[in-house]
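By letter and in written order, the chains are A, B, C, D, E and F; residue numbering begins at 1 in each of them.
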Amino acid sequence: MDTINSGDTAWLLVSSALVLMMTPALAFFYGGMVRKKNVLSTLNLSFIMMALISIQWLLYGYSLAFGTDHGGLIGGLDFLGLAGVGAEPNPDYAATVPHLAFAAFQMMFAIITPALITGAFVERVRFRTFLVFSLLWATLVYDPVCHWVWGNGGILRRLGALDFAGGTVVHILAGFSALAFAMVIGPRVGFGKYPFEPANIPYAVLGAGLLWMGWFGFNGGSALAANGLAVHALVTTNTAAAAAGLVWMFLSWRDNKPSVLGIVTGAVVGLVAVTPAAGFVTPLAALLIGGLAAPISYYAIKFIKGRKLLDESLDVFACHGLGGLWGALATGLFATLAVNSAGANGLFYGNPRQFLIQLVAAAASAAFAFCLTFVIAKVLNATMGLRVTEKEEAVGLDISEHAERAYA
Amino acid sequence: MTKKIEAIIREEKLNDVKDALREIGIVGMNVFEIRGHGRQGGITLTGRTGTYQVDLLPKVQLNIVLSDHNVEKTVETIRRAAMTGQEGDGIIFIYPVEDVIRIRTGERGREALMYEGDIDTRRPG
Amino acid sequence: MDTINSGDTAWLLVSSALVLMMTPALAFFYGGMVRKKNVLSTLNLSFIMMALISIQWLLYGYSLAFGTDHGGLIGGLDFLGLAGVGAEPNPDYAATVPHLAFAAFQMMFAIITPALITGAFVERVRFRTFLVFSLLWATLVYDPVCHWVWGNGGILRRLGALDFAGGTVVHILAGFSALAFAMVIGPRVGFGKYPFEPANIPYAVLGAGLLWMGWFGFNGGSALAANGLAVHALVTTNTAAAAAGLVWMFLSWRDNKPSVLGIVTGAVVGLVAVTPAAGFVTPLAALLIGGLAAPISYYAIKFIKGRKLLDESLDVFACHGLGGLWGALATGLFATLAVNSAGANGLFYGNPRQFLIQLVAAAASAAFAFCLTFVIAKVLNATMGLRVTEKEEAVGLDISEHAERAYA
Amino acid sequence: MDTINSGDTAWLLVSSALVLMMTPALAFFYGGMVRKKNVLSTLNLSFIMMALISIQWLLYGYSLAFGTDHGGLIGGLDFLGLAGVGAEPNPDYAATVPHLAFAAFQMMFAIITPALITGAFVERVRFRTFLVFSLLWATLVYDPVCHWVWGNGGILRRLGALDFAGGTVVHILAGFSALAFAMVIGPRVGFGKYPFEPANIPYAVLGAGLLWMGWFGFNGGSALAANGLAVHALVTTNTAAAAAGLVWMFLSWRDNKPSVLGIVTGAVVGLVAVTPAAGFVTPLAALLIGGLAAPISYYAIKFIKGRKLLDESLDVFACHGLGGLWGALATGLFATLAVNSAGANGLFYGNPRQFLIQLVAAAASAAFAFCLTFVIAKVLNATMGLRVTEKEEAVGLDISEHAERAYA
Amino acid sequence: MTKKIEAIIREEKLNDVKDALREIGIVGMNVFEIRGHGRQGGITLTGRTGTYQVDLLPKVQLNIVLSDHNVEKTVETIRRAAMTGQEGDGIIFIYPVEDVIRIRTGERGREALMYEGDIDTRRPG
Amino acid sequence: MTKKIEAIIREEKLNDVKDALREIGIVGMNVFEIRGHGRQGGITLTGRTGTYQVDLLPKVQLNIVLSDHNVEKTVETIRRAAMTGQEGDGIIFIYPVEDVIRIRTGERGREALMYEGDIDTRRPG
């Protein structure tokens, strides 16, 4: 019989708290980058996910993601309402902590992922439609892919895809869904014509600071135990954030001055990129992963925004989609059994197959997320309407959607 | 007769201008922050990536209501203290004022504009 | 001999840190809701409790609450200056962690409770008097009732009253004391005449986000071990917050638009309500407890403020008093031995007696807190004066009480 | 063979996260105290340390500080790139957690220390030069002294100097380096002539609240285990913060009104002072240490700023230099084997020698930091220039160094 | 003829002044925050240690454009509502206005300054 | 002669108005945020529970000092760009200006109001 380890449980409890906190942190990271008239609305788009998805996850989300496997594609309904998910460990997922702790920890990931997407449609989304979208998205996109990658029997798990803490499940899904949604909803009025100056960069710094901290729970907690692997993940996480923050600083410096918003963005991008790799690669590899994530996202934003191709407003695709993709692939390059014997070797350690697996898993998830989100958004647009009216957009969503003002 | 001076200056020059005005005995004034556009076209800011242009620049507007005969000296003083010689130094407007009423005392006109130790108590006339 | 479990200790250390953080979080939650001229003053009313009560607790507060029982009413002086409270566990309270860890964890509750009350008298209280009040209140109200409910030998504990993490000790006490204080100090000038627009709703969102996180330590830590019960409490806590946030959103939507301030308030109310129940009820019961807490507080505020009955400024009575009361009673309804064998069954599990016990315990605590606070406030009003002058109130407490401005 | 204790590891992981968070917390603590035009720049001076020093530490910093001893003065290069620092415990430092956890925890100290110094030169430092300075300082000042005090074989460690959590390594170094740097860079334009009103005191409150919480990890984590000593350190830490916050309140009250900025500053000063003592003294001694730290720093600031002797802008020397010095000496007074058998008795427990040792260790560290920083700053001033131009300073560093505005 | 009243008052008096103006039927107005200096020299604030002086104090400026014949009554009303009798009560300036154009309707002059239930609809003439 | 235009408009119309003004060659201007009250009575906001009324609404004030002969065209341009047809569109005031002094150059009057490529350099006369 498996017994509960109190140290591991303590760490998973804390990690759950840390990842929960990442959602308000993200709220501020995003809220600082929109225009003043949409600050509250943007904060709320993230915050409300804590309310909405907590309940979805409790009622059926966890079951869809981690219930008994059906064809590798989806979990069964055995854990509806968290039935049977209690103090006993579930060795399929985490042998030394209560099964419920694993479910709670995973819940925080399910919450933040749709919150990440909101960066694509801030400043113009209709709140009502957004609520429906998020519920659908969590159910139709997140829960299945989460099962594929992490569920016992999930196809990508069986394939051997490595995703330590959600590079695919969280970031690729969020990023490619953001891309699809942004294409459907269209640009903000004035996009490319007027500068959209960030209303409050200190909010973004606060958010990034708390995200950095929270990510220790995100990646470190994904070891599911307070052991050497958790520590290792914490270090790789920190290293990639640092490297990407520094590199982004130099990139913006080359273009003009070292941007503070750029530095904190870089740090977040580094955190994104190292997420799938954190428990599989060495700290020095993490340095490279983070350091290379920065130019990828940086130049992607420049390209997309510079050419006015698409108003994916807070660069969710460029930062999370591409950062997550790069991380997933980099895991296929840098992973080594020396770090984690439960992992695999990557290309650079003589195992090109792993790279291929990573590529397939990432591509499948990205394509699935993109297509399904595109369809959901299209349908919702046709039925409920994705956007507020032009006048409401001009006035700002704080007033038009919430009848509130951020500041008196 | 009473006039109003509206001086639009650089934020960073406010302390210098206040000092210079205190020296010549200008006491009553108020200031607030505005954003403006003139010969100085705009400013280049750094964004997440690359740069963008903002065409309204932060300035400070300084309002002084004072007697006719002090206008020239005050304008000169402001100019000297606020000038850097580079675009964006700002501009001064002068308006007619019809009346002044001090809330606390009910004083009107010139009387309402007298302050202890101000410019008019300093020099003859 | 009991031995220290490092995992349990780690969790209690972290929980202490999380609950400590709830006080600055509360400062921002409250500080965002007052007018701009009182932001700093309001922040400080909470913050200073960390300084004041820490010392009170160290010197004698802990001893009064948890010292050797005297007649079920108060603890003795054996733990003055935390004498004898050290690395050895005290099996009366927590068998697997240092006794001092229990004392430290409890300290954080003693700090935040008077901070909660401050919502009743912000924007007009005289700081000097407030300091004296807080010290008296901690000593005369908090410490005794804490002993009744949680102290070894306390009358309500002996009665079998269940209060997992402070629904009675923290929230009923704070709420009913706030009611009494608000009645004595009287409304703010202009109450009911001018709208008091919240100065900074993002502060309230930040505060609520951190409170939500901190509550995992508040309720989860109350298991006093990193075990299945702690995990369970974390999940019920999260669920109630989510449910109440969502319900409040719909209530405000029905009245006008979905209010962001309402959503975060709802989340906090859900957290309040689940506090006494967190370790005794199922997650689905927590869903109900949270979901019903929202309308209780919502309509209470509407009634009290709508009729201008009382200026309990930030709705401490409606949110904490009634939320805590509802939670205490709900514990008597939904508690089940299936969740916690050290608990009891509630009415819905065939034990109506528990409901009665909860009712008696809650009523006694509420009445005691209300009456004593009323007397203390009356006496202080007559001697030191509870309020600043009308002119000082008009100017705002930041300037008049602290000679500081929040923003240059 | 030593085995890993999961509870201890969990606590060290959490402590690392808490101390990491202290750097953004410090960013806000400092950022709230400068003028509006420098808020972003000031936030960034701290934030960027997370990026820069993380990499320095990973590559060679940890090795210099904790590698094989060379003459008691510096560590060897055995841990370059964290080579060999992995899941195995290193009993020289922490016997029950992965060696890498110790390295990660220590990294957070290496990050925040140069961030503390930034308070000395905010609002006028050239960012480019600052980056170089920080790297040099970390390498030439921090890493060696860290080795002296904590490194296996370090001279001050061998001497028997007690520094529980960095009173010397962190605060004395930061404070005396700040002094030297402030002397070299010179005062801000207008210093002593115009009031420099703090732009955003709520930021300082937020920062202080999070610092207080984080310090539980700073000092509590320095027990390197989730045991009675960690709990003890948490309690002494909290007590000193509380005492110093209260005393500072009364001091500012005597001078005018109880200052909120003063209260939070006091709390931080208390935290500084108790840092070296946290695991060696009783809670009541901590009360004294905190209570006396407040007037020391308070009157030091009054003296330095009142006489316009030096513009050490955010009082790093007065708060951290003198607070750390007082704490180091107080440890020599109040330390008792009754609290920590691995410590020593201080003067008041009959061991005057310990006081002497503390004095020598503190003085040596202070002198070393002061002199070396002075030289580094002088050299950088002559080569790269420490300051922005007068015009850039007038415009503000947000625009002149980063071409960004905190608020749109 | 049309005039503009600029009343600089204490922040905490804004509600009282607005109420008093509503009572006499003054509808159109706008306000913004300024910082000013006059006979009231400054204010002592608490710093981390000790105190420091700030010489620009927060005030509110209230602008009302209205017809000539309502000026005196309005000024009196503001004065009564804004006065505390202590330094810093503020000051009122009166300026000539040449024209008024309502954006929505294109109305000009006096017409543009008419509001439902305002002072001019209340009394004869 | 020189005039000052004070246009009080909706915040969300500022970009449109700025664009329209740029098109006709109006360069110098400044803006700041005010809160106002006029025919549009107020706005209903959501509180924690239910709603409450706020009677001062955020607007933007745009100030332009310019030559007499450009006033009408400018006013028309602002009106067209700022109008939505719903209450709260705002109002424009025109004031006499006695003098203008450019800080950097010391230019006075009309000269001080000339900008590269502005309205007066575009058309004859």
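The rule is simple: a contact is a pair of C-beta atoms (placed from the backbone, for glycine too) under 8 Å apart; a residue touches a chain by one contact, two chains touch by 3 or more.
Since the model is a prediction, treat every value here as computed from it, not as a measurement.
Student: Quick one: which chains contact chain A and chain F both?
Tutor: Expected: B, C.
Student: Would you kindly count the fewest steps from chain B to chain C, each step being a jump to a chain that touches the current one?
Tutor: 2
Student: Looking at chain pairs B-F and D-E, which one is connected by more C-beta pairs in contact?
Tutor: B-F
Student: From the C-alpha centre of chain C to that of chain F, how far is it in Å?
Tutor: 51
Student: Hey, how far is the Cα centre of chain C from the one of chain D, in Å?
Tutor: Their C-alpha centroids are separated by 34 Å.
Student: Between chain B and chain D, what is the separation of their C-alpha centroids in Å?
Tutor: Centre-to-centre distance between chain B and chain D: 44 Å.
Student: Quick check on chain C: which residues sit in contact with 2+ other chains?
Tutor: 5-8, 10-11, 14, 197, 206, 226, 256-259, 261, 402-405
Student: Give the residues of chain F touching no fewer than two other chains, as numbers and ranges.
Tutor: If we look for residues of chain F contacting two or more partner chains, we find 32, 44-46, 51, 84, 95-96.
Student: Check the chains against each other and report every pair that touches.
Tutor: Going through each pair of chains, those in contact are A-B, A-C, A-D, A-F, B-D, B-E, B-F, C-D, C-E, C-F, D-E, E-F.
Student: Give the list of chain B residues in touch with chain E in this complex.
Tutor: Going through chain B, the ones touching chain E are 4, 18, 27-32, 63, 65, 95-104, 106, 112, 115-116.
Student: Quick one: which bits of chain F touch chain A in the complex? Just the residue numbers, please.
Tutor: Touching chain A: residues 11-13, 15, 43-46, 51, 84 of chain F.
Student: Okay, in this complex, where on chain F does chain C touch?
Tutor: Listed in rising order, the residues of chain F that touch chain C are 44-54.
Student: Touching residues of chain A toward chain B in the complex: what are they?
Tutor: Of all residues in chain A, those touching chain B are 195, 197, 251-252, 255-259, 261-262, 265, 298-299, 301-302, 305-306, 315.
Student: If we count contacts the way the header does, which residues on chain D are in touch with chain A in the complex?
Tutor: My answer: residues 4-14, 16-17, 20-21, 23-25, 27-28, 31, 39-41, 43-44, 47-48, 50-52, 54-55, 58, 81-82, 86-88, 97-98, 100-101, 103-104, 107, 127, 203, 206, 226, 401-408.
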